[in-house]
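There are two complexes below, and they share chain A, which is joined by chain B in the first and by chain C in the second.
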Partner chain A sequence: MSTSRLTRRGFLKAAGALAAAGCLPVSTVELAFADRSKSFTFAHISDAHIQQIRGTKFVRNWDRGLIRAVAETNLLAPKPDFVVFGGDLAQLGKKSELDHGAEMLSKLSYKVYCVMGEHDYYLDLGEYWSKLFGPHYYSWDHKDVHFVVLNSVLTYDEWTHERWPTQEQRMLEMAGLDNPNGSQFMVGEKQRAWLREDLGKVKKGTPIVVFSHSPIQKIYKGWNFWTEDAEEVQALLRPFEDVTVIYGHVHQVQYNQIGKISFHAVMATAWPWPYPQSYALAKSHLPRLTVPMNRADPFFERDATGWQLIDMKNGRTAMRYNLYNNTNRAVAFNPKTGRPEDTKFQEPTAGLPPQVHY
Partner chain B sequence: MKNYFYGMILTVGLICAAVVQGKQEPASPPPLGLPPVPIPEDNPQSAEKVALGDRLFNDQRFSSTGDVSCATCHAADKVLTDSPLTVSQGIRKLAGTRNAPSVVNSVYAEKLFWDGRSPSLEDQALHPFVNPVEMGLKDHQPILDIVRSDPEYAKAFKSAFGKSGGEITMTEVTRAIAAFERTKVTANSPFDRWYYGGEEESLSAVQKRGFEIFVNQGRCLSCHVIEQTQALLTDNRFHNIGAGINAIRDEVPGLAGEFLKAEATASEVDVKVLTDKRTSELGRFAVTRGFDDLGAFKTPTLRNVALTAPYMHDGSLATLRDVVVHYNNGGVTKEGDPVNDFLSGGIRPLGLTDGQIDDLVAFMEALTSPEHASLADAASKK
Partner chain C sequence: MYRKIAGTTFVALTLAVIVGLVPVRGDEFSEKDVKRWQEEYMSVVKTGRELWVSADLGTNGVACAQCHPNAANTHPETYPKFQQQLGRVVALRDMINWCLQHPLEGKPLALDDPRMVAIEAYVASERQGVQLAPGKH
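For the complex of A and B:
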């Protein structure tokens, strides 16, 4: 990492390029790096929530969100190396919803890696999802970066297997917000053991990127912006110099730094969630670093939704949020401060005014 | 609000400004329903300048064939459009790709042309002269040759700008044209007299029902803005509403990709979008290269819209009813046809009944200003 760490000047240059790229999301981003061979991009689409009404009729709004993200991602030049879909492809985990979503994802002209969301999982515990997309958790190496996909939406066995009379009710209970019948997400012991073993084979200088659906940090319990065993997972990642966790589920811009781990949330293609502090009934822990994004114009169904292009430069990530009907944003790791920062809205006083409630 | 504020400042500025040449006109109050006309600081209005602009606007010598002027496509008896042409015709009847927008009330546009590729009326006026399918000149020199030597122009430029001979440049030419265009402001329509003037009888019951649909179920108001004290009937933004681009759905990756390969200059964009229909359908993307602008075109004002058929950037919809049906179908002209992937999130099926569609059309017919009423009468007799 020492050879590839950006200088302050390099960061500013990168920030400038990203800010410009904000207006020109399909143009090339050139960053000043010594070793260009280690730089690449990938795209991230998440939280499509494809929802069947009946028969062949699906909620049009959610369909349009995924269709547009796929079509725009296909126009990227230069082409990203791959695409990650960050979970919640379906709304209620139904085969029809997963099939319809998979058909739309199949139009991507890139290799796609999929992450499990709770809306995909709690009907049949990911069985049909697996037939379409493969294992629930896995890893791969790409251009000297180690990528890991976790299923972070598991919960207690008793809740999953013994509490609910039907699969459908289990799905609905987990889909609700502020639901006293819900349960906390977790990666779980079995998967953590797998992760320990998987990471054991990786050299300590290797950059690690982890994809999960829920944040591997604790932000707001009521909406499961929360992973119960986040600290245990973070501990497994701690030995590595460059770690990035990219998560879906929250449908909003968030970023944070815990030790050497950078956290980035991604947008949904379906709808925006409000920031948890707007819901004053319970304490929330939105990372102090995060400059919230402005909120949606309800006329434009796509406003405050979007997708991401991620610049992977020598192990560090820069998230470029493509936000419909809105100002695009870019959040990049700043080696001087050692944390991700919005390349434009860095000081709270200079930020877009956050909208605290709908 | 911003425009209004701008106008206020300029009004004050106009009163205080030292007048160099030409008698400066105090801004006349805007007609009912419109804000004060924004006048740029570097191009104040004067009667001399406006008269000069009028002459330039109508001068056919500024085209390669000597028979096309600005007024060819922006005719005084057609609300400064070339209705009923689908797309404009320039020299030798060469067809462009876009329907001529009205110059009337264009002073309120924040960006000019359907794709907003021009930032001001002054800049806009430069381009049609040298577009191969409009006025066809190689460059602006022939215009300068004429205005520098023609004795009538010499007099007019002297009194408007205090300049003569080689001092006259395209800056003065376009400033005069823009000043003329800034006088083309009409409002005070039946709608304005009802909504802002409190004249109950000004709208029919059908038109009032249409207004209800305009602001509610029809979702028209979100882009065709009506405010407490004024109605520009546009948001000055750009939206993919499924017009044009629906027809080239499969070609978007190729066309967009081609466009991204090389950085195009403003004049290259101008030529490309008016001479190649398929590229034209990329809309504002050709200017900004932003995904949000794929297939997006400027929201036109709806003032006098009943007189400017056909509609949309490409003139593809013949009647106002066709336009409402297109929106009612969620951005497709024929119900059930596929919509393009980049459709604006504001466009969705509306569920209007035939009767509601008729009401909405009747409301739009109430947006005609009295200046154009005789034309409206003629149209209704057709």
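For the complex of A and C:
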């Protein structure tokens, strides 16, 4: 009995992998470019929010999102050069949650670079996260592109160190997206000084890709779709010709162009968030370029979640959103207009009814 | 005994009102009344907000606010409406119960449970000013 069950399970697993590979939307053909060595891909997975209930029990829904993203990323062909995890691996920063998430990420057959999210940070200020994943901010070079990871979820010292009686309460206060007791995110002076020095060593023609958890632009303060010192960070990036900022936190499709800087948000694997304009009592500055993701169908628990494959071609990015239960999307830099555009839905007449949010 | 007295008093008062002995008029209320009614309403909204961010409505620690910050993307103005996945026209409270049972892995509330009223009061308060659009998808 146990043998046959194992066999059946093994079969189902293999069948599942085949089925997933069959529907994988990802092109297996690399397009030819003038300089092929400057074209490569990487994957981006974000916002898993692994949440412990008690003991060995974790919220099944969020677990499934990350497991699926990891499994699908492993099926990519050609293989991506690396994977970035964009932050909020845990829900309440607990060791058990970070360990459980790290265990799932360990199944990735690629090098993984991690970004700090506020849900990872505000329990012990990133101490345990650091033991698992390394420094909070860092940079590296890959095939003539300079990559930077920032910890953009810092805030005022008084809020962090003096306001809350326990670290558990501090974590809970920051974990509520719409909690008025929360505080604005920032990169902070110390890290900006590091970034200035880091970029000072980079040749001006080099493409730059920055990963942060919060948007390095100001969209809606009430939900921290916002980084308080965004302009100061943008100023440090301004001398470069090709800059892309890729951020998590917002759990939705967003893109924008500010000067020479392209911005892309990524999907969560856990759950989608509303666009700020659908909160009737708030004003937001959602970039006008964005064609929204489809409104989520709650009856499909993976709907409006997903992960991304990013094509880097001569320093410019094309973001492919791999959406569970939805038509996939691609947002690519258009050299003619000098901004990221959806390759299918950018024209006002091309939109779908589910892309209307209210 | 008490019932008898209460019954007699009620009949007497009703008669008194009918013949105009007691000056009661249904359309008169003071600013004090309005203030009290608003406070009563807001206290229920407050309870609703507390439930909205509470991990105790379900069994897995997930709260309504996790997916619906400020109750956004709940669209109370569109109910009752046809919910294709349920195959019928439903009220907002039916969807609230659906969420309690599925994402929150909990039990549904009775439709007249004060907590249900509180949740509805909170959702509506975050959506105030938006025009009614029943049936809209």
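Simple rule for what comes next: the second predicted complex is superposed on the first by the 324 of 358 C-alpha atoms of A that agree within 3 Å, B and C clash if a C-alpha of one lies under 4 Å from a C-alpha of the other, contacts with A are read in each partner's own complex, and residues count from 1 in each chain.
Everything below uses one rule, namely that a contact is a pair of C-beta atoms (placed from the backbone, for glycine too) under 8 Å apart; a residue touches a chain by one contact, two chains touch by 3 or more.
All of these numbers come straight from a predicted model, not from anything done at the bench.
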| query | With chain A superposed, do chain B and chain C clash or fit? | reply | fit
| Is A:D178 in contact with chain B, with chain C, with both, or with neither (first, second, both, neither)? | second
| task | Between chain B and chain C, pick out the one touching the greater number of residues of chain A. | result | C
| message | Looking at A:W223 after the superposition, I want to know if it touches chain B, chain C, both of them or none. Which is it: first, second, both, neither? | response | second
| task | With the two complexes superposed on chain A, say which partner A:P135 touches: chain B (first), chain C (second), both, or neither. | result | neither
| task | Identify the partner contact of A:Y324: answer first if only chain B is touched, second if only chain C is, both if each is, neither if none is. | result | first
| query | For A:N61, is the partner it touches chain B (first), chain C (second), both, or none of the two (neither)? | reply | both
| query | Thinking of the overlay built on chain A, is A:W271 touched by chain B (first), by chain C (second), by both, or by neither? | reply | second
| field | Which superposed partner A:F299 touches (first chain B, second chain C, both, neither) | value | both
| Three-chain overlay, closest Cα atoms of chain B and chain C, distance in Å | 5
| field | chain B and chain C contact sites that coincide on chain A, given as residue numbers | value | 60-61, 299, 301
| remark: Residue set of chain A touching chain B in the complex reads 23-27, 60-61, 64, 67-68, 70-72, 74-75, 77, 299-303, 322, 324-325
| field | Sites on chain A touched by chain C in the complex | value | 51-53, 57, 59-61, 176-179, 222-223, 271-274, 276, 278-282, 295-299, 301, 357-358
| said: For the complex, give me every residue of chain C touching chain A. | reply: 53, 59-62, 65-70, 72-73, 75, 85, 98-99, 102-103, 126-130
| query | In their shared complex, at which residues does chain B touch chain A? | reply | 219, 222, 252-253, 256-257, 260, 288-292, 294, 330, 341-346, 348-349
